[in-house]
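Letters are used for the chains, namely A, B, C and D, taken in the order the chains are written, and counting of residues starts over at 1 for each.
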Amino acid sequence: MRNKGRVLAATTAVFALAVTAACGTGDDTPKPTEVKPEFNAALTAVFNPSDKKGGTLKMAISSDWDSVDPGDTYYGLSWNLLRLYGRSLVMFKPAAGSASSELVPDLAESLGVPSDGGKTWTYKLRAGVKFEDGTPITSKDVKYAVMRSMDKEVLVNGYTYFNDFLDLEATYKGPFKDKAADTKAIETPDDQTIVFHLKQAFGGFDYFAMLPATVPVPAKADTGVKYKEHVVASGPYMFDKYEAGKGFTLKRNPNWDPATDPNRKALPDAYDVKIGLNADDIDNQLISGDLHVDIAGTGVQPAALPKVLQDPALKAYADNPAVARLWYTSINPKVAPLDNIECRKAVMYAMDRTSYQAAFGGEFAGGQIATSIMPPQIPGYAPTNVFPAGADNKGDVEKAKAALTACGKPDGFEVTMGFRAERPKEKATAEAFQQALAKVGIKVTIKGFPVGDYFSLYAGKPSYRNSPTTGLGLMTNGWGADWNDGYGFLSQIVDSRVIRDSGGSSNLSVMIPEVDQLIDQALAETDVKKREALWAQIDKRVMEEAVILPGVWSKALTLRGKGVTNVFVNEAFGQYDYLSMGVAQ
Amino acid sequence: MNTVISPRQDPTKTPFLELRDLKIHFPTDDGLVKSVDGLSFSLERGKTLGIVGESGSGKSVSSLGILGIYHRRNATMSGEIWLDGQELVSASQDTVRGLRGKRMAMIFQDPLSAMHPYYTVGAQIIEAYRVHNKVSKKVARKHAIDLLARVGIPQPDKRVDDYPHQFSGGMRQRAMIAMALSCDPELLIADEPTTALDVTVQAQILDLMRDLQREFNSALIIITHDLGVTAELADDVLVMYGGKCIEYGTATEIFENPEHPYTWGLLGSMPRLDQAVTERLLPIKGTPPSLINVPPGCAFHPRCAYAEQTGGLDRTVVPELQLTGTSGHRVRCHLPAHTRQEIWRNEIKPNLEGVA
Amino acid sequence: MATSTDTSAPEATQAPVKAIEGRSLGRIAWTRLKRDKAAMTGGVVVILLILMAVFAPLIVGWLGHPPNEFHQDNTLLAPELGGLPRGDFLFFENSGISGDFLFGLEPQNGRDLFSEIVYGARVSLLIAFLATLVSVVIGSTLGVIAGFFGGFVDTVISRLMDIFLAFPLLLFAIALVGVLPDRAFGLSGNSLRIALLIFIIGFFNWPYMARIVRGQTLSLREREFVDAARSLGARGPYIIVKEMLPNLVAPILVYATLLIPTNVLFEAALSFLGVGVQRQVVGEPGVTWGGLLADAARNYTVPHFMFFPGMAIFITVLAFNLFGDGLRDALDPKSKR
Amino acid sequence: MVTYIIRRTLGALLILFVVSLATFLIFFGLPRLAGATPETFAARYVGKTADAQTQQMYAEKLGFYDPLYEQYGRWIGAVFTGTEYDYGTGVEQCEAPCFGYSFRTNQPVWEDLLDRLPVTGSLALGASIIWLLTGVAVGVLSALRRGSFFDRAAMTGALAGVSLPPYFTGLMFLYFFSYKMGVTAPGASYTPFADDPAEWAYNLILPWITLALLNAAAYARFTRAGMLDTMGEDFVRTARAKGLTEGVVVTKHGLRAALTPIITIFGMDVGLLLGGAILTESTFSLKGLGYFAIDAIGKQDFPQIMGVTMFAAFFVVVANLIVDLLYAVVDPRVRLS
């Protein structure tokens, strides 16, 4: 029955609704009020708002993400999803449009209270919040959660913000090495209060408090890397079944009290998450209504793309959200002749931006042609275009040639470009570079590297990328904001101090002392407006150095599952807000 | 076309087996292979016919033709085969199949390859019996054991469950004979029954076949390249060369008064126990003809030492199989009868018998 | 069975017989081969493919566009469809097939698929031929040694073959290409990659060749002329080179011809899995049919993109198979199947 | 018999040992020669943000500083005697056969492999049944009607079948049956048979047919050749001379003998397939052992690579053994000694 429904629906979307209603899974009976679907209807507003509880929300993804352990995950989709079962101190407001950029207290009563000029941050926990087993959540559970997440030897995935900013003792080992380990960098004067002490002032600490690492973990339930097999819930849902790499189900957490949680609607009775479905199959199931959400949130596959774009009935169920992610190319100033800024400028001018966009799948699936580093949805974004690539964005050959002459290489030069071999879009990008730069005589040799080794061994390792023999002048790269703010987006890719000889850094080409200084300035700045202006200035300064060639600001063509209520895109994640969706009853 | 029948056949009676101008041709990529090209003979029950010739002379093909193993799809057959008043060439395949194994059976050369390696000897005999006799497996098995005993296999109740490869060469041939005899056939064709065996075993098998033929009163055709075997068993002898009969007569006639140079050659290469090896073998020069490119005229002329004496006929005209003498002896040769007889008497015979 | 004539008899002197036997094995084989329409068709296609590879620049200059050139004009590609080519041809929807682009365009970058197919023949055939050569050299050397000397040597080589056949070869090939250094043996970039692919493909196929040659050698070893040579005091190497090798040429030739299509498929599979030759330098097309198919796999809704590279592989492999089968039948009529 | 099995088992273990050693050297030794250090190995498994110190600690934890033979010894020791695994807050006993824990996901490799086995097993089962039945049937009919229109059509088709790369046919199937007609699943999301047999088959039908097509063609050729050989055997002539009906002659005598080598090849093919059908699984994104292997190699997850290679080699070796034992059952002439 289900297959027939799916197949038919996939073929003709017009019939899809009727078929799904007729032979769907039974729990989506006809809706009392039809909401007319429209393209981008969930982009800035809530589509099909509802407060009806019940039903099972069905989600799927084609490949697994790092972990469901809040202390060991670095995927946006995972941060989006884990809010169902975990509560961090602070969260982005689950609201449509730009309202979602606002931080609101979650486990904490209010946003952090800075003292000591921004070096100390204090949070008070809400009263009456309990774990799934009924144990009250205390500030010690939060402290333990942060401490364990800092042990990168066991929980390898994720960020090192706390490691880098907390004023940790030199001898601090972490709870896995030493069960009795403790630090004065985090204090818990009472069960409701938690105090963070930083090495340096940091105005944006609330963003850290938003990180899933602050989701409380009861120390006695912690099983290290195996904790993901049974995460202890603090949110409205708890794990029912968990099968590594295959999926899990969530059911209601009886010890979650809505009175303590103003942000969560908790509409469905259960969530069914399937991992490892075929990506094209997921698209088809979304179209037919067998599935509600593609958790990946990266948009439909190339197979479904033309279908969705051409068919108005299908397109009405699609949104085209922007993701705070930049696909770009690092121009390495340590490799001759790119050590000469004029030669770098030649690359900037010569590159055909439309073919960059095409490589990523065009306007809808790829994104908008980027003219600077920070995506527009980051607060403080100021439109700039330091190196306009001609009127039609297809490259400015005249200016490029002029730059080449200024560089002393009027006939061009040879350069090697690295990319991640398993990523077809980056491969296409590298080929686009070959094409575009050949027009001005720059001969590009492209070289694919394994994804797993790209940053650790090749492009990310200075000794490799800067070597005269193996040097990589151009390197494809991509960066998504950890959160939508200048620091969250820029710090890891423009601060020269994150570059390590051991490799692994995402900053491959930006080494500007002035920028490092500006970053320090921005960090200490507590005034939001001034801080945002500083980040914009940094963006422009890096662009002027011609060490980053921005490609596209990412967009995705995503499908809203049929029979889903209360859908909207959460700008903080650039995905549908998984916390707020419900199932039509 | 005159009928060619056995010298001992009463022309007024219908013979038990009679072939009339049998032709078996195989179309191949390289041309038409005329394996059997107009063969005629007859045979009565209780009598033995020896068909002699080198490999590729068409002797095996003719016997398989009698059994009806060739059919329209892989060969063109013409002529007539009469078995006890029934014509087989024009009969339906199913009719012939019903006769095969039941009224006419065959003993093959090299029993190791002729028996299925995956089935026990017993199973293969039982299968042969049960095709034509609706009996239970148990009865058939007993019959198989009896047969094995009759052909002289010790402990037949045990050996019946052995596989062919577990038998010795002679035993396998006995088992093969047992299989052929399973339905008491009236016509038994043995194709080189002793070639693969060593001399002492050969003699045993030949004795066995003679005994069995007497017992069953069947007509027996022995196909061999070895005139010695024929001498032991046959009443009549038919010599084949290039798909045709070139000499046909009673065994006595063929051995005493052979008239075809090829037959002389065969006699010359016949091993005799009373002569030393180097002396007794007078091999025929050259190789048997290709059945696609049969030499024009007399097929034997390229190898014939007397070809010049035919006045050129040897290369142009195919000689007829003509009666010679009075005892139904027939020869296919351009040489005048008296010349042949003279050569035999004066040149060949002394050479074969004398101590040179 | 009915045609069996004993051709090894030494006294064959008569004229008609001699006429048949006098022809050399090669002549007979050629006569048979000429009659085999399928094999001849295969052979002609093989020759055409080789010509296509050799004269790729000419053909592309005449009928196509430079193989790496992008054609991203909005008149050719539809940005509103995510960069699919405009224009249908027969069942090839969104192919952009036209007189200008015979096989249509690649989605997104608009490269001329015809040119890529033509150039793809170069890599495919080069690797297939040379890898076969490697297999033949290793395989027949070890095969002859194993078959001729027998005993301990044979056991060791046969075991080695067993072990090789137990390996998940594709995995190893992928792994080996993966740890490829930037430059080695004075080669770098694609030349090094091609050399490595030739070596890997050739190296992993030798046991099949060795098995056949070993079997042939074993049976030859028992033949009279080898005994004769040996009784005349000839030594191992002499017998191998002078007596055995001429008799091994036919089977080696046949199986080498049949190994070529296998290697075409192997190379295409590696390229399909993303470890084949890459497009590295502008003007040096590193395009492969398998690589095109891998790209097409992500765009399987535009059939022309997978159809043409797939057919190129198919036709090449089929042509070699037809020719190889015919050659085998011609050289060894007994194995006619 | 018993000594034979023991001897063969020891031989199989030796082969597995050599395969494991070769795998280890290719994935661990070769990169070392190419300049990789313990830290660079570790860098693959720690997060992007890890500093040099973390890399060192991780390299220490995974034992990358130990000499290669020690690392190999540890690996093989774990396979036979199990090992302990420190997951942060405690130690878990990993029972033999322990293939260790993935460096990336920390999942026990053995469990991962057992997880993937049903996927590949389902693929192999369905496909092998299809290709065996169709291949043998077509081969037998072709042999019996040698030279007929059916024979020529079937053999041309079979030659085409073996010349088609499975990823090409797979993609074309996906385009027509899934995308255009919507009658099959797009790619394969595996559903366990026990959960929903219809869904299981629905998802696997295209991979089955793709894989079966290739092999059915090869089997048709084998079977036809085998049948032609056996139908020309003396024992078939004997069977006819007994007066058996043609049906009995063909099936009981001809086919019985012709099937024996087919069974051998079939056993080997299924063994090989159980290690993962890399190309078919990649084409349909079917997450079986082949896909797992490619993924493991791409991510350089050493314990997974070792595990899946050994798994694959194990199936080949076992299939080999079973085939030989089976041969002795089928063919009474074969003695195991």
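In this text, a residue touches a chain if its C-beta (ideal position, glycine included) is under 8 Å from a C-beta of that chain, and two chains touch if they have at least 3 such contacts.
Given the structure is predicted, the values throughout are model-derived calculations rather than measurements.
Counting C-beta pairs in contact across A-D and across A-C shows that the higher total falls to A-D. Summarising the inter-chain layout, the chain whose CA centre lies farthest from the centre of chain B is A. With centres defined as mean CA coordinates, chain D is found 38 Å away from chain A.
Taking each chain's centre as the mean of its C-alpha atoms, chain A lies 47 Å from chain C. Separating the centre of chain B from that of chain C, both taken as means of CA atoms, is a distance of 52 Å.
Averaging Cα coordinates per chain places chain C and chain D 24 Å apart.
Counting partner chains per residue, chain D has residues 179 touching two or more of them. Looking at chain A, residues 303, 422, 450 sit in touch with two or more other chains.
Looking at the complex, you find that chain D touches chain A at residues 36, 39-40, 43-52, 54-55, 57-58, 61, 86-90, 92, 105-107, 111-112, 115, 178-179, 182-183, 185-190, 198-199, 202, 284-287, 298-300. Chain contact summary for the complex, chain A toward chain C: residues 302-303, 305-307, 309-310, 352, 354-355, 358-359, 361-365, 421-422, 424, 428, 431-432, 434-435, 438, 443-448, 450, 469-470.
Of all residues in chain D, only 233-235, 237-245, 253, 256-257, 330-333 touch chain B in the complex they form.
Of all the residues in chain A, the ones that touch chain D in their complex are 2-3, 7-8, 10-11, 62, 64, 74, 151-160, 175-176, 179, 222-227, 244-246, 276-281, 283-284, 303, 422, 450-453, 455-457, 461, 492, 500-506. Against chain D, in their complex, chain B makes its touches with residues 64, 67, 69, 97-102, 105-106, 108, 110, 113-118, 127-128, 131-132, 163, 165, 179.
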